[in-house]
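Common to both upcoming complexes is chain A, partnered first by chain B, then by chain C.
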Partner chain A sequence: MLDRHVEDIAHLMRRAGFGLTGLELESHAGRSYDEILEDVLHPERFPAADDDIYDRYQGTVDEHEVHSAGLWIHRMVHTQRPLEEKIALFWHHVFATGMSKGEHRHSSNRQIDMFRSVGLGNFRTILLELSMDPAMLYWLDNNENHKDQPNENYGRELLELFSMGVGHYSEQDIKMAARAFTGWTFKQPIPQYTQGSYPAEFVFIESDHDDSEKTFLGETGRFNGQDIIDIIVKQPATARFICRHLYNFFVADEPQVPAWNQLPPGDPQAIDIMTQAFKDSDGEIRAVLRVMFSSDFFKQAKLRRVKSPAELVAGVLKLVGTEPVPASDITRYSAATTFMGQILYDPPSVEGWHTGHEWIDGGTLTERVNFAVDELADKNRIGVRKIIEALETQGESLSPSELVDRGAMLIGALHLDSVTRRALIEDVSVDGDLSLSSMGDSANASDRIVSLLQSLVSCREYQFA
Partner chain B sequence: MSRPHALLRAGFPFLKTLGMRRVTNHPTDVAVASDDTIYVLNRHALGGHVTALPFVDPGENWDQYLPRMGPDGWGDGEFIWPVSMVLDEDQTLFISDEELNRITLIDREGAFISKWGEPGDGDGELKGPAGIAIDRDSYVYVADALNHRVQKFTKQGKFVMSWGGIGQGDGQFNMPWGICVDENNDVYVADWRNDRIQKFDCEGKFLFSLGMSGTAKGEFQRPGGVDVDAHGDIYVADTGNDRVQQFDQNGRYLEQFFGDATLSDMSRSYLMTNAQSLRLREMSELEPQKRFRSPRAVRVDDKGRMFVADFKSYRVQVYQKEAIPLDASQIAQVPRSPTLFVN
Partner chain C sequence: MALNADSKNPVLVVVQLTGGNDFMNTIVPYSSGVYHDSRPTVRVSEDEIIPIDNELGFYSKAAPLKDLYDQGKMAIVQGVGYPDSNRSHFRGMDIVHTCEPDAVGTEGWVAKAVRSLDPSKKNVLTCVNIGRGLPRAMAAPGVTVTSVGNLDKYGLMTGLNEQSQRQRAIDLFEKTYVPVMTEGHEGVVMDYLAQTGRDVLEGADRLSSVPAGYSSAREYPDTAIGQSLRDIARIHLANMGTRIFYASHGGYDYHSNQVPTHAKLMNELSMAISTFMDDLGDHGAREEVVILVFTEFGRRIKDNGSGTDHGSGGGSYIIGDRVKGGLYADYPSLDPNHWEDGEDLAHTIDFRGVYATVLEQWLSIEAVPIVGGKFEQIHPFN
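And then the complex of A and B:
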């Protein structure tokens, strides 16, 4: 049976990151939950990703979006700042921007970098950065939002999907927001032919900005985009909407976003607590996450979220181990998430991905299980080898129940349902106890261990975070 | 050939740009043949190829050029992650591949000749081979990046010796990349993650180290390439600082290059038939387009031309060294101190 403290840490690290292996968890066992949480909440305490190595080996990453996505998954696996990548993934989901519209990969990569940089900060800053982000400006046509010909696309989604949610603003508010963001655009970057593409930079064109008086959410003034953001951030609906997003991403699956004005949260009290933290901190995302990760509702929500494909793939790769130098075939990581229904850098719409059980259908479940089983098939992978070695130090032999329990621990403190556990023990029992004493049997022993690991990652429980 | 006593350094003007996107995609190294054909080693996300370019626009004779040598793949004569390329006196191209852990030999038409190298960390085995160079005695030096060492082979791939090991001390390396050999068979290594150039004799004896981490003159940020010209001047592709730096044979800083690209002949032809690109260029600030972006290799030929593999700008930038050799009778003795005496 798993130790409660270790289970809590494993849970935290699956949600705030991409999971830890059992051996990593054991190295944390002597530290308090709060101590670990503070480290998680402060990525800057740990070294940043080695971008020089990525550039040396994957310097062609701007050529293809599958490459950018593959490299991002590699970062998720190797980062010492897991929440930095996780919060970037969160905002990528909420502020869903597709690379496919413009294929300007510099901008897409920079947007994800921006999420890494400000994603744990103040929501006002996040919205401001988003509103100046060339990838977003192009994605939602704000470059076409002119003083004499407003385009409401960004203004609408800013309210509907990025901050307040349907039902808390009027069509007139959308029109006013759009007018306030006229002139917010980017400089034309040098086109990619013939010397490759160049980054785009935000620019405010005052002559194209509608500086007239506007009434927005009950306030009147000659508002610019920044004023609109200030007004949005102080709305109670904004705090509640963003906290529900955070809850859905980090705590437990909620209905899909379009239903949020119809269906109440699964745990209204939890949303209340988080909303209060948002208000108390004036919109500091880190403060909301601290309250959320420390709460009982979080600790009681184990295995109540279906892993997104990115979480599943990154988690499996962390388990089996990969080299710090990104492999030449990292696109197979992004291919895997694509087959599972998540094309990183290319969400299906501005609404982001539908989450929870919508990640799972007959096809995607097969992909998820097959990916995990295939990755674990090679007993020479660094992570698999470590698990085998760890089991081999357990004594002379392991009974089937000991083997299953220890295996579940080593793949990341996976809590097994009693039915699943019993079935696995029965399966392992066919070959009796696992003998660890004889060198002659070591090949057979390692094969049995690999087989068990493959069974564990095929379990229903492994599909959940 | 001996080095001149001194030089009158007259200038180092930009000469021309070669290549463009789709033709020289992510150039990672350059080799110049005796007939002035320029071989450009290009790297793809998962593959690579060599492009042969004329130095002078051949007009209507382009069909003699631009063969794509070495398709993507794991087979003989194919590449996954090619890094460096050198042309030997028999006009054979030696190309390192850091994913396939081997050196591939092809002829100038791209026909496969042979390959050597096995993955591993034992003598003669390779892990991420990067830079490659050949000395006057036909020995091949390989920067064995992920084994943090230099290995010396015969041209047939027979192991001769190695030196190095991970570390920051003299003679140690951290993921070495570019490598070159001068006319005295001394070896220069771009010690990539230690942000320095190290010089050795051909037996691996440490001679000196050049540079340190930083962005100032004489400092490096992940240098990828190194070469030496006939005068002993050392050129460093200071990849992370988007520049090339030039030093004299003693390591004294001389000059830095940031890129001065114009449009290559083929770029001009392409753009003249693309109204959309022409319009967008007119709307853009074009100044950044001149500059290097992650230059990965620098090679200087016997005509004093400096070729820079401008990796992220899909092209090669070429400069011309203008220097007049001086003998001892033409230049004053080296003074002990600088002077403010007006000449």
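And then the complex of A and C:
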């Protein structure tokens, strides 16, 4: 029923971005997959989001993650650079930093901005930027990692969660990494009151840095932080660990991270191919993504990932359409992901979120379905109106099966299981064919279309990316 | 020891302290010179101690818990841990959720207990989690746990105003959330969604009557843990047949700035528990309830100049009318010669023995298959 090429593009854009509506997909249908992919991989070809709009309309909001998160979701919906936002979300999952600890919105926003700007680049650069990022330094207490009193929190998580995974280093290596990052801290920002809020800046304090000789992963020297990163990025374990993360986020759900040194990947060959691309490119994330998105294993992985709450909310909002200027009730979006188990800017701990089917329990499924149904209820929303108009130009009338199939296409080439499709057609049939002629009751027709759209976003298939 | 046959079924309320509660600063060895010297920054000073005896005392911010202790209703389990304690939150919490220190467990201990309590899945409300996102302790294939984020507005399609339209949408939902024939992992997840969807329909039907049936003279603190325990009280008092409730209290990972954070958390926790107990008491529904408070690990003996790093040897607390209050197991030795790895409290009782204690002696279910072996138990019930 759905065109294979359109399905592939829909799949790519759900994974590399936040999905496209059926009408957007149809406008892309004439272009090749590879051409579209290259555009996706090069966000810089498209205009950046207009930060002025955010400053102008939301500049004075209080220091709280709900505003930052609401604005981020607004960007996900409106960006012309979907992968820029998606890769930032990816690194936010991996380098999970919570604003709740520092309550310093500037630092958290800058961290996400940093992910946007270097997130598709070289992994060495990414780790270096991360290690100089005030939000991270505060989150993992590196500002309290002193020459005469090391705090090993950052050193431990850098190895365990941010690069290699457990099993590839010793407790001694953690201590050495911690010592190498002594003195990496930030300048205290000016107190918020009464001047307002200012960003914090990275600073290296040489007098607080332990410059003694260290042995780390078998190499010995008077290592500083960047030497540690150099050693980390050339470890085979690092290439593999990051590729498993990329696979889990972009291709198909994997078991949670702690299982990775005990359970092999679901598709070992895919991980080998990606790991090779990582090595061949010296850790260029964009190069790994190109190989990944072009591969058969990617195209065959439809419905193999449960949408994260951020993906679900941004996808629904893209579908119904929101104003380009962020509305004053923007925190509604961040509240929605929160109820679904994901507080952006505030992961439950440095381990990040448990993903896949772990997003789903009775409570979160209820939130997901209700959010989508409620958003689609208003037929005056621009996206809903466009879908109604698109259906109204289909001719005199639509049979129940035509209506269901066309509806599934218009909400983003949603592939329906045969049981679901049959149940939907049966439900629509209760009211007979949909009459679109000028003589018909158009209010009734649009109500029926809205009900169908609500049924479509309530079904199981819509829960998958 | 189960309750008499003519009274209500025993109920367990599990409270998870997320991040690693600092046992040494909750039940404080205040007269120890080692404690004094190890914690120049985060030490609880003597005027903030409510003594239990001449060695140990409650941190004063937990005073409401001390009242429960004085009433003989709180068992303090000292030195809870396991061999080679894992310091990662990730693994640490996974281990105490699955009882599997050496392998990656896929089944949580609470979920397995639910399977024993309700093997034929008669009641979708046998286990209720309050909060968003399900802790792994409650996750296992085929086990239903109802997770309630907002008790006052719980259910599907609540935005559809017209009742007939809502009913039609729910009927359609029921027809589409059914097992599929798809093979492999994809089919497993589809079926998991189907089961979850149908359980939601049933749970929502029953929970919808709860808020209207509740009234109370007690005012719960306006904190996340306070409101979670209030929701538990409301559901318990509505007699939904729930046997295990679960709530989480987060924020304990105080590597830095520990003193004010710990003070705030101890106050929140103890106020919430004390109000909850009073509320249940007012309604004559308290005797059948026991609370188990646990955390994933204790903290390092020496502070780091601002907070404490991840350690081992934590504490658990068992609270209820049927509890025989007092100190259980031994306080871990403060003698530096006995420190684990030269820097941590060595545990004196395995956490699996604590779970086994409540499973067998309170819920009357066999613990060995749930906690993965036989572990020494304590005897804290009357």
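Everything that follows uses one rule, which is that the second predicted complex is superposed on the first by the 461 of 465 C-alpha atoms of A that agree within 3 Å, B and C clash if a C-alpha of one lies under 4 Å from a C-alpha of the other, contacts with A are read in each partner's own complex, and residues count from 1 in each chain.
As a working rule, a contact is a pair of C-beta atoms (placed from the backbone, for glycine too) under 8 Å apart; a residue touches a chain by one contact, two chains touch by 3 or more.
As the structure is a computational prediction, the values presented were derived from the model and not from experiment.
Aligning the shared chain A places chain B and chain C next to each other free of steric conflict. In the superposition on chain A, contact of A:S401 is made with neither chain B nor chain C.
Residue contacts after overlaying the shared chain place A:Y198 against chain B, while chain C stays out of touching range. When the two complexes are overlaid on their common chain A, residue A:P258 makes contact with chain C while staying clear of chain B.
In the superposition on chain A, A:V325 contacts chain B only, with no contact to chain C.
In the superposition on chain A, A:D52 makes contact with chain B only, not with chain C. If you stand at the C-alpha centre of chain A, chain B and chain C are 100 degrees apart, rounded to the nearest 10. In the overlay built on the shared chain, the residue A:P189 is in contact with chain B alone; chain C does not reach it. Set against each other, chain B and chain C differ in how many residues of chain A they touch, and the higher count belongs to C. By the touch criterion defined above, A:S429 lies against neither chain B nor chain C after alignment on the C-alpha atoms of chain A. Contacts of A:Q226 after superposition on the shared chain: neither chain B nor chain C is touched. Once you line the two complexes up on chain A, you'll see the smallest CA to CA distance from chain B to chain C is 13 Å.
Taken together, the two complexes place no residue of chain A in contact with both chain B and chain C. Across the interface of their complex, chain C is touched by residues 100, 140-141, 144, 146, 149, 151-153, 156, 160-161, 166, 253, 255, 257-259, 262-263, 266, 303-304, 306, 338-341, 348-351, 354, 356-358, 360-367, 369-370, 373-374, 377, 417, 419-420, 423-424, 426-427, 451, 454-455, 458-460, 463 of chain A. Per the touch definition, chain A reaches chain B in the complex via residues 52, 55-64, 67, 187-196, 198, 325, 328-329, 331. Only residues 18-19, 87-91, 94, 103-104, 129, 132-134, 136, 139, 144-150, 154-160, 165, 168-169, 172-173, 175-178, 180, 182, 185-186, 189-190, 192-194, 196-197, 199-200, 203-204, 250-251, 253, 255-256, 304-307, 309 of chain C touch chain A when the two sit together in their complex. Per the touch definition, chain B reaches chain A in the complex via residues 20-21, 25-26, 43-46, 80-81, 98-99, 128, 146, 175, 177, 192-193, 222, 224, 240, 261, 263-264, 266-267, 270-271, 274, 276-277, 280-281, 283-286, 288-289, 293-294, 296, 311-315.
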